[in-house]
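Same chain, two partners: chain A is paired with chain B first, then with chain C.
Here is the complex of A and B:
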């Protein structure tokens, strides 16, 4: 019925538009091409009369909406356009001058035509500074396909089903009705921040499989590097312990020792930040693997397990307000830190603590993600040099996600600072988050598309696969104050939620998780999640096959 | 247009305001129309379902008649085990060889390794990352500029500090600034 790719549906044209297209094809679209003017913010207007003020041909009105008849280029206000259509046969389709949208006068509705959108988009590309040759006008050249795109696509074809070997767990303490890998971690003295992150990491499907498949061989590692300390070896040891079937709480003492030697600035007996620890561990893993492989690759291509699992690519577009010239940069990231989307609540009483019921407007994850990808006007004290204007100009900046990671870690920034009193405090407000997350609206393809009016057009790097669908598998929740609080991790294994509170593992209802105060959210690509559910009762041993091999250079 | 009314200006300005408002409304309507027709918001139903489930969950948790799972002291975990508040498993410290109880290992190790207060004088990796945030391919590789793990964002931190933020949705009227 309707042509559909996974991003948008091309709506079926109304009878009048279809007839019009049959009779005239693209001719009128191309002829009015010269009347289309694109403003620096990406909007396209019909501006035929550069000297006269456009007025309705009947009533001379110039305020409000005006329609431009595609057939005869006459102008009409909404009240009188029907008169024109009735008096002239074949003049049913017009363009809204302000927004360059097609309008069917008989259906009295906005209608859509991919061919018209294509003309508009090509015009936009032409009009914006940089032109179609340059890659820095906000989006790459129309319709070109690049093999680079496919290489950058994250591999969803992780073929984990092949070469499975069933290893039976003979430990009588296995309590086999519960999933493997579920085991408490002893608190070593204010180390709940560490335990909570370890639980999430060890159950992230790519990492879990990596260690279970013995991808990091501790004996070889020690022989090769000659060092006694390897964060990966320690994590490997914890992973083996977690999946051994023994359910008594494990003490990650050696890991703490290794980690303190790696991150000596964080080595102190005090409560620390789980997110900071998370970054530190990934960094440690990366360093270790870089040493082993002797590669100095930057993050975008790094093949260490930390980056293979968590690395994504962010795109930043900085647009000059005056001329519309956009410069684009890409930066790798291993997680996304989000500001909370609450309206500033402490308006007048900075001193009074705010009770939960006084807050207006719920905070949601999609709200935070929208905030993250919103075009933000940079202050006048932050003027940037525009290559086109050749001087400092006001700009706006917009972030979007160019490439999604296999495992998406979202960090909710729950600290706010008082500029006046120079203290920090924790934002305790509840934030709603989904269990199934669709990241499509935050992709660069979607953001750039919407910047140019959501036209029906195939951009160079439209990811028309389903790798934007994610399922949650771990939530790190924080309770308490800024200075002293407690972290717990909720794990989702085989559709049952478990609470991992240091040594205590308990089953919880999903409602408890939904209602918790989340601090870090861990999502994994849906395909991986579904595979993980199926396979979590088995242990994969594949000595020769690297589970990630099938994705390298997929084309 | 040029009537001889006394409040001509008021009429004029409300007329202009009305026009502006109309044009904004039409703008938004047209945009939403396109988004709806192209199916760009097709996840609306799923999103609403998630919202409903979350609201339901919160209501249940807030209801005092429900036993609050989160606050009850643990008696027994799902494996039928109990654990003391301070872990009692004894093992050897890998630094000095002494026998230590697990729950007291961290404070012991701190002194044993000579870490702690002294370490804080060193430049943190986080602040190095903040300096490197506009350079790409820096050796501090996994510290992305957008992942702000600087000390200003730590929960359970002993030393809060006020630091700049490269992107903030700053409405500076209120005394509290988000980071």
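Here is the complex of A and C:
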């Protein structure tokens, strides 16, 4: 994406609002504080007239938008508010009664003022149960922000600095002009699920750099753990093989054996699910590294390469419908599984039939992400205990992303379970996805902020927009049916797409990738992506090991 | 923006309809006093989000702003733009559900 203003650029106040503030400062803002009433879901209304129905002072209308003049507290509908401003000098600014948002009568448009928002939001936080004491409404401590930023910077700094020291080495044995690191993987019997994920993992910039920089030393590892199998050593071996320059398809037999040992429940010649495999590989890497470092750190702070690359933090807000009390929890995650945003499925709309000509648009990634972060009313059979009400209440739950990972793996759930017929079906619907992705709207700061209306008040832990911009580098596509399908990986190297279909690598046009049936999408933070493009022609020569040695296990 | 969209149907200016507006007003007053209106509004908002109506309106607004330019559009413009389309595209099931709720409220309130 070219230079685009951040979604939350503070709009400048109009001339009228600016003048108004010069004259009155915050006085009128403070005076309406007592008239604001917040409902449990976060909406704030101006509720001065508790007995009378609010009506327009000119036409008596009570429906639709009504504006409350900040100067004289009179009420007007949009059509007649201009009359008021014209007759009374200085009464230019009003507040939308239902939304508590500012309106400039002369510009006939909504206007924004961070000071006003501050007053309103403070009121909202105060009104909602647990407000002033808890941190659930978005006012996190500043300290948290700075430590998070330090973590992110160190993550980037580590890999980029090292890659700058790499020695340039062009492989003379390469028959084609394919970039280094591109190599087919032989199918060992329905193992396309494994090959596709390996291709994506090995080309994820943090992991690629990790192995190329020889961060996992096999010799030392074998010394330490004896004969025990190490997934990292095996991946390291595959990585060396991939980047060796040899273009003949590689057979990852040793890795398959190690993985079978680790995930014995999945050890068979049946087709497995690529996403399940992905999770189990990350788990295996984590286990191995935590054994080495002898640390039992949980996923959030773990420094193993799997977590450093993929670990993010999800925020879950559960709000009581009756009183508005919100309880917030944070859970680490290594990927995000998304339901598809199609409303054409019969199973999801059994209770709410929709007109046949409605909503026939294609499914999109942003639609899926919106669905993921949408506030969802939990069913009456799922009542939760509200701390404030001290009983079981209906609640609504909303997810958002508190901290984004370096590498974002999005898993598109393409399985539909029919409880009625007790079968599972694959959803073949096409889903559109972008190559450049901005995750800002799905961050906790955006989601929590939007709960309170159109505010431009900044929360303490706003992420800078640069760390929410992602570029795609791998797509795992699935074709066929649930039980018998085929996975391929599309890799994007130096702005050229390649199809990795087990042993066969070929250049493809980006149109093919866009049209594919995506199952897993891999995005990396834009900063890392740009660096990866620059350095992908370099290979690090380790003083200890010649990367062109044929590795054991390649039978 | 998103909150501009949520509004009940606009009555057509100051019409003289005899007794009808008065009955409407009475119902409205009863709904507001009992707090039922607030609950109905909440339910309506949920339904309109679930069926994708809100996203459609959002897309219409976005397209309009893109065409006119960000600085040449006011809230009033957007409201006038999407009101007719919005009212026409509310799913029948949503209307039916609302009517049902209001009906049952009235029968219980009439007691």
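Convention: the second predicted complex is superposed on the first by the 471 of 555 C-alpha atoms of A that agree within 3 Å, B and C clash if a C-alpha of one lies under 4 Å from a C-alpha of the other, contacts with A are read in each partner's own complex, and residues count from 1 in each chain.
Keep this in mind: a residue touches a chain if its C-beta (ideal position, glycine included) is under 8 Å from a C-beta of that chain, and two chains touch if they have at least 3 such contacts.
Every value quoted in this text rests on a predicted model; they were computed, and no experiment measured them.
Visitor: According to the stated criteria, A:273 is in contact with first (chain B), second (chain C), both, or neither; which is it?
Guide: After superposing on A, A:273 lies in contact with chain B but is clear of chain C.
Visitor: Is A:110 touching the first partner chain B, the second partner chain C, both, or neither of them?
Guide: both
Visitor: Does chain C touch more residues of chain A than chain B does, or is it the other way round?
Guide: B
Visitor: Applying the document's definition of touch, where does A:377 land relative to chain B and chain C: first, second, both, or neither?
Guide: In the superposed model, A:377 contacts chain C only, not chain B.
Visitor: Which partner does A:394 contact after superposing on A: first (chain B), second (chain C), both, neither?
Guide: Touch status of A:394: no partner.
Visitor: Figure out whether A:61 sits in contact with chain B (first) or chain C (second), or with both, or with neither.
Guide: Touch status of A:61: second partner only.
Visitor: Of the two partner chains, chain B (first) and chain C (second), which one does A:418 touch, if any: first, second, both, or neither?
Guide: The first partner, chain B, only.
Visitor: Of the partners chain B and chain C, which touch A:191 in the superposed model: first, second, both, neither?
Guide: first
Visitor: After superposition on the shared chain, which partner residues are touched by A:101: those of chain B (first), chain C (second), both, or neither?
Guide: Both: A:101 reaches chain B and chain C.
Visitor: So chain A touches chain B in one structure and chain C in the other; where do those two contact lists coincide?
Guide: Comparing the two interfaces on chain A, one with chain B and one with chain C, the shared residues are 63-65, 98-99, 101, 110, 453-454.
Visitor: Hey, which residues of chain B end up touching chain A in the complex?
Guide: 19, 22-23, 26-27, 30-31, 33-35, 37-40, 42-43, 46-47, 50-51, 53-58, 60-62, 69-70, 74, 77-79, 81, 83, 86-87, 89, 91, 94-95, 102-107, 109-110, 113, 115-117, 119-120, 122-126, 136-137, 140-149, 151-158, 160-162, 167-179
Visitor: Please name which positions on chain C make contact with chain A in the complex.
Guide: These residues of chain C touch chain A: 1-4, 6-11, 13-14, 25, 28-29, 32, 38, 42, 46-47, 49-52, 55-56, 74-76, 79, 89, 91-93.
Visitor: State the interface residues of chain A toward chain C in the complex, per the touch definition above.
Guide: Going by the criterion above, the answer is residues 39, 41, 53, 59-65, 78, 98-99, 101, 103, 107-110, 343, 352-355, 358-359, 367, 370, 374, 377, 453-454.
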